[in-house]
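Both complexes below contain subunit A, partnered by subunit B and then by subunit C.
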Partner chain A sequence: MADTKKKRYALVLDSKKCINCKACVVACKAENGVPVGKFRDWITEERRGTWPRLMATFDPEQCEHCANPSCVRVCPTGASWQRADGIVLVNYDDCIGCRYCMIACPYNARYFREDLGVVDKCTLCAHRVDKGGIPACVETCPSKVRVFGDLEDPSSDVSQLLNTRRFLVKKPETGNGPQLYYLL
Partner chain B sequence: MEGNRIDRRKFLQVTAAGAAATALVTQTGCLKYFEKGGGAPAPAPLVVPTACELCPNKCSVLAVVEGGVIRKLNPNPENPKSRGMLCARGNAAVKQVYDPDRLKQPLIRAGERGEGKWRAASWDEAWDYTAKKLSEIKQKYGPEGTLWASTEGFQEIFFRNLGSAFGSPNIVRHPTLCLASVNLAYSATFGTVPSFDLLNAEYVIMSGANRFESIITPDTMDLIGSAMNRKTKLVYLDPRFTVTASKADHWYPIRPGTDMAFILAMLNVIIGEGRYDKEFVATYTTGFDKLSDHVRQYTPDWAEKETEIPARDIVHIAREFADAAPRAVYYAGRRSSWYKNDFQMRRAQAILNAVVGNWDREGGMVPNAKIAMGEYLFLPWDDPKAARVDELDKNFPLAAKGDGVYLKLRENVLAGKPYPVKGWMVYKQDPMNALPDQGMTLKMIQQMDFVGVIDIGMSDTAWYADVVFPESAYLERTDPVEAMPGIWPAVVFRQQVVKPVHDTKPNLEIVQGLAKRLNLSDYFDYTMDQWVDAQAKDLPVDNPLAYLKKHGVLGIAEPKFGGTLKPDHRFVTKSGKIELFSERLQESGFDALPVYKPPVQPPAGRFRMVLGRKGYFTHANQTNNPWLNEFYPENDLSINPQPAQNLGIKTGDMLEVSSGAGTVRLKARVTEEIRPDCVFMLHGYGKKSKWQKLVYGVGASDAVVLETAWDEVSGNAAFHETFVNVRKA
Partner chain C sequence: MQTIEWGFLIVNYLFLGGLSAGLFFVSALATYLQEDGEPAYPRIAKYGAMMAPWPVALGSFLLIFDLGNWYRFYKLFIVFKWQSPMSIGSWLLLVFTGITFLGFWAWLPEETRHRLFAFLPKRLAFLKRFDVSIDAWKRPLAMAGFPFSIGVGIYTGVLLGAVQARPFWNTNLVAQMFLFSAFSTGTAALILALSANRKELDFRQLRFLYTLDICFITIEFFIVLPYLIHGKLSVLAVQEALKLILGGPYTLTFWLFFMLAGLLLPLFIELWEMAPAFFQKATIHHNKPLASIAAALVLLGGYLLRYVFVYAGQISAFK
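Here is the complex of A and B:
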């Protein structure tokens, strides 16, 4: 595995640019062999108003790769674990399918894979990242909503964006320290 | 989740300690996890550049192949049009190759048409049978007794050439189901069809061109970037609240079919207040005085009554548009098959663009640049002896002759006039779903002595055919090089990524097999390699073919503006100028300036059916792709809560939707996001073909209820002219 010292991976998302085209969802499905009907990433739609005063917003979502991931804390076998660079993973071999982590995750980012009897989730495409690549969802996005990078590197795009733009995170009150930053 | 900036560093400290400890214990497990699925140590993945075929955008793709199997399709950022993206459809193309229900060998019908009884045939048998049938028809009715229908694709040319070499004048293509009216209107005005520089435009008006759901490269990406960064103002007119509406600065749910009134009123304001580009108009256009007189009648107050857009807003938009020019465009859109006046509505747009002088300027409308390519010189054939069955010369003198006019053609074939057409060959097209009034298309199939289909899947049309030839999926074949004109022109190359999984062939070989049996081999005496060599050899790079194989695309990233802005530049029009007033239209018996005629509105209790796409569906076959189908497994009828309440309709209720063409049943989706006088359904459901497993009999096909109507100048289908009755089933 590549050197993961002094790295903290995160995603910055500019949801305003999201057109709900699902490219990220299919790219993830193809890249990671996610079964039909299951999703490692998804787009939450919010629609409000009455004709003709209407609004719609779209938020791409996936595992937050939290700073303090509750899924890892509750895992009885250590199958859910976190790398030094912040990426939260599930080790299939150690997963007993108890699904505590699914309950503990405030973001509903995990799903159960019936075919393997394990819990699965976004890996931030660690296998691509470790070869110097970027996650499939980030790469494929037509409107370039997602920006991937290292928060420990002050010159990275994610650091620059967070230093210059206002943003929010989802459900900060959980104390999980989510690492998906949504630009305002 | 409001505004709290969390203390990232604090969290990181905690995590770093915790995670490091965990990492020590389980890293081996992790390694195992990543090695899983590959099985034996796999060789380094092969990356093959190619070009997507899921929609007309032809985006550049990097196919990752492991052990002879396509693992993933990634975007190729070298393409200046697709700009490093691959959409949901493009990503899902892997499933086309490994679809268990795709066509795997030639099939000959064994039962009644549409019964779904087939027998597997050898290629020789399928070719022999088809050639025999076509020859019989030729003997009885002449070569004009055959019809050759196809949709754009890199190998489409071979199919059309076969029809022409066979001697048939009846080659019909998809444009009159798509963008014929916009092409003709801009050609009539500027002598060419330009692109729109949405990367640099500061003011964009769109009539129904739902660019954030109907993805067009690079327009969709350019516009979302510039609009969301507040650089560009977007005004959007659409009877539906689409994704584009949700991103627009101003959205007007215009009364359907009245867009031309809005445009003419804008012209009224811009000309009346002297806000047009006087120098440009004087130098490059003709007919301005006539235009000026003509639009005086179209006041904003008048347009408000037609469009339901407030007059003061029309005035305001017109002023802002003129002020932003030349970085202002009234965007043409792509599928422009809406209303019977579609050509004239697009003409009005073109004229509006012309008078503000946005022509050939950064942020405006730009004539397309093109990278010059060579071509393979094949043996030419004699011109067909018979005239076209759609009587194009008589009915649509300005329409593109090579494309034909589909709906008029169907009408004439069904009437058997001016002569019988009894053989129908179809390539890469599903007329059963692409044309309105499926019942009529089915009748057209039934009156044929022979129907042969070349496709990758069992479409509804293939389902009713006599012979089905399985074409290889795009990832399994090498295609001709394709030039893509634009502001950022490119040449793309689709090369074979994997060997065909089943007993399928590229279209060229299917055509050559038929040509041989029809004694037409002399016209097809080349290989794909020879064809590609001839195209590539003059490209402006060293070792062009090697370059294309390595990169998959040759693009020009630096646009050029203003090449035509010389006072002596001759536009390809009759006058050599930009024609605000068109003598050519007048001579052909059409309005030389766009004259507004109010559209018929639905009578009380009926609804206008409008169409549109999602970002993950373009063509009717894509609803059967499992990676796309799951976003919308069953289509439904969008209806506004107000009429829904009157009819006692709730979301999920089964409805009966009927028109003069047919009746379908589908579920209701009661939504605020559509005008109360319109209903909407997605395309590509309610399939007849049982091999389209996910959508066979699921939801409804829009083609069943759409009535036949067309634009009088271009012959483009008018898909928004159908009124339907809706009731609980």
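Here is the complex of A and C:
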């Protein structure tokens, strides 16, 4: 029987564990056939101070699969759409390539595929998730930065982490309701 | 990764769409205003109606050409998404372009119309039944077109202003700014057309255009000014975004070429042209080259305003 329980997928990221190995970036490219020069996920690096007092932080970033995604709102044809479980997708057949969604995304998470003339983005590996799997970036991460799960399920790892740890989300002031939670 | 996705094609389209909106609005106003049952400003009404369809037609063509899949543009017209400014704008544009072409048809001189139909090949002879005068539609078309010309003029600004991810755009003042800039460029194009005509110039009609343009430019100026003041008093992201025109890469273009050369200078030229009329004399100065320069500057300013907003807006972002 089909699983009819309501779901809300999200990612919880413990950036402090990230070592900037970029295995998630490579795994995503291999899994989804992302063209050369384009990325569905990436790592933002920040360095401060001078030796010996210095620090470096690495933040893995990608589509936030927002609760109130502006990319979906501005799309004139409905090609950008959101599933009931929160995953934001692009229907290539309906995309006219106007790129309004790219401009409307505060996280710059989308890219243009010149070869197809359409906009593309992270799918949260919906093809794997629908078979009960987890996204390729989550599976491959060697330092276990990424945790994927269902926020509607109180026993899931993501729910447990968000109930017991402090966290922040990026650019909440844009009102998009991002669903990537960064642990503090 | 932040990239410039909307380039010169979009700048050109925003300018051309606005230009048509302005041309039609002023022409419709001139058609609507009557004296003794005749249009009060017949030449403005005619020129505006004849010129209005072409910029927006060219602009729409550029818009479609800018798409990743141009042949899918019809998909814009099989759905209506009220939350997407682009969807609303596409429909407005479709109706508006239709009305401008009908207006063109209505104002086309009879001989020209007959001559156009004479070109039809024999196989398409049945189309000749459309060789009819829709002269009586001039006023109803003007009235029907009013809201759509305003809609097209303002939506180009809403398209940018409704994007909350880009702090440089995200204020409703951009919509008003683009609307009055559109009307101003339309008026300027008519001043150019009227000045270029070798026929004896009708001062009354030119005075009407100057009056309109002075109003439009003044309103535009008092939208740009609050835009800057609001921005400086707004949240940090907006203040940061404004730095793009306050010391950043677009400062010179915005202040020297748009604000000074494209807005204030033509305003002063037009005020000087109108000066005798202010002092109870019916005539105006009318220095033909000067009037043409003022009009050309308004067109340049309108173009640069859109250039600065399209480019600077896409660079601006929340940190």
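Keep in mind that, in the parts below, the second predicted complex is superposed on the first by the 179 of 184 C-alpha atoms of A that agree within 3 Å, B and C clash if a C-alpha of one lies under 4 Å from a C-alpha of the other, contacts with A are read in each partner's own complex, and residues count from 1 in each chain.
The rule we apply is simple: a contact is a pair of C-beta atoms (placed from the backbone, for glycine too) under 8 Å apart; a residue touches a chain by one contact, two chains touch by 3 or more.
Keep in mind that this is a model prediction, so the values were computed, not measured.
Touch counts on subunit A: comparing subunit C and subunit B, the chain ahead is B.
When the shared chain is aligned, subunit C comes close enough to touch A:76, but subunit B does not.
By the touch criterion defined above, A:171 lies against subunit B and subunit C together after alignment on the C-alpha atoms of chain A.
Residues 78-79, 94, 171 of subunit A touch subunit B in one complex and subunit C in the other. Contact residues of subunit C toward subunit A in the complex are 1-3, 5-6, 66-69, 72-73, 75-76, 79, 81, 83-87, 90, 159, 162-166, 235, 237, 314, 317-318. Touching subunit B in their complex are the following residues of subunit A: 1, 8, 14, 16-17, 19-23, 25-27, 29-31, 33, 36-37, 47, 49-52, 54-58, 66-69, 72, 78-79, 81-84, 86, 89-94, 126-127, 136, 139-144, 151, 166-172, 177-178.
Residues 1-6, 8, 11-12, 14-16, 18-20, 22-23, 25-27, 29-34, 36-37, 71-75, 84-88, 90-92, 94, 212-213, 215, 220-221, 224-225, 228, 241, 243, 245-247, 253, 615-616, 626-628, 630-631, 640-642, 672-676 of subunit B are the ones touching subunit A in the complex.
Those residues of subunit A whose C-beta lies close enough to touch subunit C in the complex are 39, 42, 70, 73-79, 94-100, 102-106, 108, 111-114, 116-119, 171, 173-176.
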